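See structure below.
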Amino acid sequence: MSAARVVALRDLIFRWTPRDEPCVDITHLEIGAGERVFLHGPSGSGKSTLLGLLGGVLAPERGSIRFLDAELTQLGARARDRFRADHVGFIFQQFNLIPYLSAIENVLLPCRFSTRRGRRAAVRSRTWLGEAARLLRQLDLEPGLDRRPAMRLSVGQQQRVAAARALIGQPEFVIADEPTSALDAERQQAFLALLLRECSDAGAALLFVSHDRRLAGAFDRELAMPSLNRADAAREAA
Amino acid sequence: MRLSTLLIALALAVAGVAALPAEPPKHRVGDRLKQSNGGAKSGHNYQEIGWNALIPTGWDPAAPFRNMNLGALSDADVRANNALELMRKAWDEAPVEAGWNGQRVRIPGFVVPLERRDERVTEFLLVPYFGACIHVPPPPANQIIDVFPNEPVPNMRTMDAVWVIGPIEARRSEPKTSSDRRMGMGTAGYRMKAELIEPYKDR
Amino acid sequence: MQWLALAARSAWNRRLTLGLTLAAVALSVTLLLGIERVRRDARASFANSISGTDLVVGARTGPVQLVLYAVFRIGAATNNIRWDAFRAIADDPAVAWSIPLSLGDSHRGFPVLGTTPAYFEHFRYGDRRALEFSAGAPFHGLFDAVLGAEVADRLGYRRGDRIILSHGIGGAGLPEHADKPFTVVGILAPTGTPVDRTVHVSLEAITAIHLDWQGGAPVPGFSIPPQYVRKFDLSPKEITAALVGLKSRAAVFRMQRRIDDYAGEPLLAVLPGVALDQLWEVVGTVERTLLAVSAMVVAVGLAGLVAVILAGLNERRRELAILRSVGARPGDIFLLLTVDGLIVTVLGCAVGVLMLAALTAAVRPFAQSHYGLGIHLQLLSLPELRLLGAVVLVGLVASLVPGYRAYRLSLADGLTPRL
């Protein structure tokens, strides 16, 4: 098992109930350390399910999900939750933040759930708070907004705070599910640039899911859901 | 739909528990309590007694009737009523058995509360049968015990059936005035300090 | 532990809706505890109002009614008992002491009691406590009066003040015995019983003020000045009730039978402890009903709380997904939502207790002066703590419902809820 590989999926099959057709059917997928992968596909192609599998909230019927040195399919639910907390950062399309917590409190959430990430954050900046503030500055957020309740931030600001949260404590893998779809065109490019920079700074692999192929150029690799997911292709054919 | 049913059931359950009705009385007027099986329980340091044990041997309040042939009397005969009156007086002035002094006993009876501190009873009378203060003729002096619990007793109501455990003494204080002596009214009676009071349960 | 902080922040964010349900829970807790406290304090107060008295004797009414008017000055007698009937009882060899009572007049809303000095000597309350004077001494002269602590306090009387008695029980508008004022010669120390709100005068004085009255009103044109009343026979002809103490407590049943059988007049003799128990039986049903109703009110309040949390659950699904994405487990989600309801329940109880304290402080003077009831401002007693514990427990169980629902939702939604 080479240390450079972050995620390796093999012969992965998932269906919602035993009677359904498979929703996800992936023969092979590998993502290396620090690699930036662009995944596009229309809705209904199984993207969300794949993210759920990668995040460990869903368990496949068959197959293997190797994540760093761990085989996710052999871990219990609790262990998978802990694994996700320790190694994965998530950015969603919108409503990324807990509305009643401030920006910086949102960024600190992963440190509260993962001792590993908390430790790494403290290594980087001596205190969690310091590291959270540093990330927010890197992502171009004005200092005055740190303590503002998340629900009073603009969408663009919220997405940047979400990126900071995903990156604090240097997780090995960041999954971004359509993070720019709610932003307007000029902000999209800016956000993408910031995200890519911080991911490489943290040494994190990035899986970027989007339906907008115009953004794909900045990435190392581009994947299409229908060709990756045989279940999707089967659906298309049917 | 399921949820609201659950919540309504919860509310009703709470209300039902709080509204538990009082237990209906288990005894009728005149009922006496059964002694438990077996006599003395020396292992517990007290002796279980019945109310008859408190009557001195040889005292017979019905003595005036012993020699009377009721069948031979005519209706409303004065002698019959006189004998009844004599018996009533004897009943009133019943003597106590002085042998009961300081011995620890266990006796069942019904409660007539006398003194309370807040809601706890600090002194009560113990009588042998249910309704002793209501309808039936009152018991004689040697069938009433003035009980002083060591600890004030909560939740004690009139005519509760209990076991009282503790030392019993017979008090025969002398009549104080000459008129008392003439009337034969010594203050006689039994007293107990109750070390333990248990509710009476039918076995 | 962070769940508490997170739940607290979340609750604070929804403080408007949760605040309303908190108010509902608090009010219901106040109601529940208040009823329980009044019930217990009233019982204790009644039980403490008389002590060391073997029998209360009056005209043949009912035991509860007799004790209520003779001891608690509540209600009125239907009939009086004649003086010679009282003397026959008082002279009985089994009787150690007896106190005659005459009720019927009042002073500015407080009942007036005509009695003998034996009252101050033999009357006991609470745990065999005797009456004490905070000022002065028992009545001696004909128109002397001794005031209970509450009367002196509320009306601001001191020794030497003059008061006028009114005929009948009630507030204002009663005919007054204006020509025969009384002088305050003594004030009793507070007892926490109906003694505090009574004005005590001698039996002769009661006869004296009614000399020139007939049928409840002064005879027009006929008035006997106070200095001449002694020329008349002032011995009482009738009294309302009597308290009797016996030489031997065990003799009480025989004495009771003797009084009940008294040929001269229909009399009733009751043991105060037994009459109280009968009162509680009557009142007990009402008490239980009140408790049941207030328990239901609490249940309604908690049901409302649960409904509010459940209703808001849908909007929080995104929030839960975010928490799961940073590593929260479904069990954590369950805890978060359950703690939500628990926080409001506990806070509601706390606010309810505070409101109860405020209410108690406000109601105390009224209860004491109007009913002679001593309601205590006290820390929570054990039965009250048990009630509170039960409320919190029910609140916890009820909160499990949204907790469980959130748990299931979270499992189903995963990281991407389909809203």
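Order as written gives the chain letters A, B and C; numbering starts at 1 within each chain.
We take it that contacts are C-beta pairs under 8 Å (C-beta built on N, C-alpha and C of every residue); 3 or more make two chains touch, one makes a residue touch a chain.
These numbers were taken from a predicted model, which means no experiment stands behind them.
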| message | Report the chain whose CA-based centre is farthest from the CA-based centre of chain A. | response | B
| task | Have a look at A-C versus B-C and report the one with more C-beta pairs in contact. | result | B-C
| query | Rounded to the nearest whole Å, what is the centre-to-centre distance of chain A and chain B, using the mean of the C-alpha atoms as each centre? | reply | 83
| Centre distance in Å when chain B and chain C are each reduced to the mean of their C-alpha atoms | 31
| Whole-Å gap between the CA centroids of chain A and chain C | 67
| What residues of chain C sit close enough to touch chain B in their complex? | 40, 43-44, 47-48, 51-52, 54, 93-94, 126-128, 247-254, 256-257, 271, 273-274, 276-278, 280-281, 284, 288-289, 291-296, 298-300, 302-303, 306-307, 310, 394, 397-398, 401
| note | Within their complex, chain C touches chain A through residues 2, 9-10, 12-13, 318-319, 321-330, 414-416
| said: Help me check something: in the complex, which residues belonging to chain B touch chain C? | reply: 3, 6-8, 10-12, 14-22, 92, 112-119, 121-125, 127, 132-133, 137-139, 141, 144-146, 157-158, 176, 179-180, 183, 185, 187-190
| For the chain A and chain C complex, residues of the former touching the latter | 48, 51-52, 55, 57-58, 77-78, 81-82, 84-86, 90, 92, 95-101, 109-110, 112-114, 165, 177
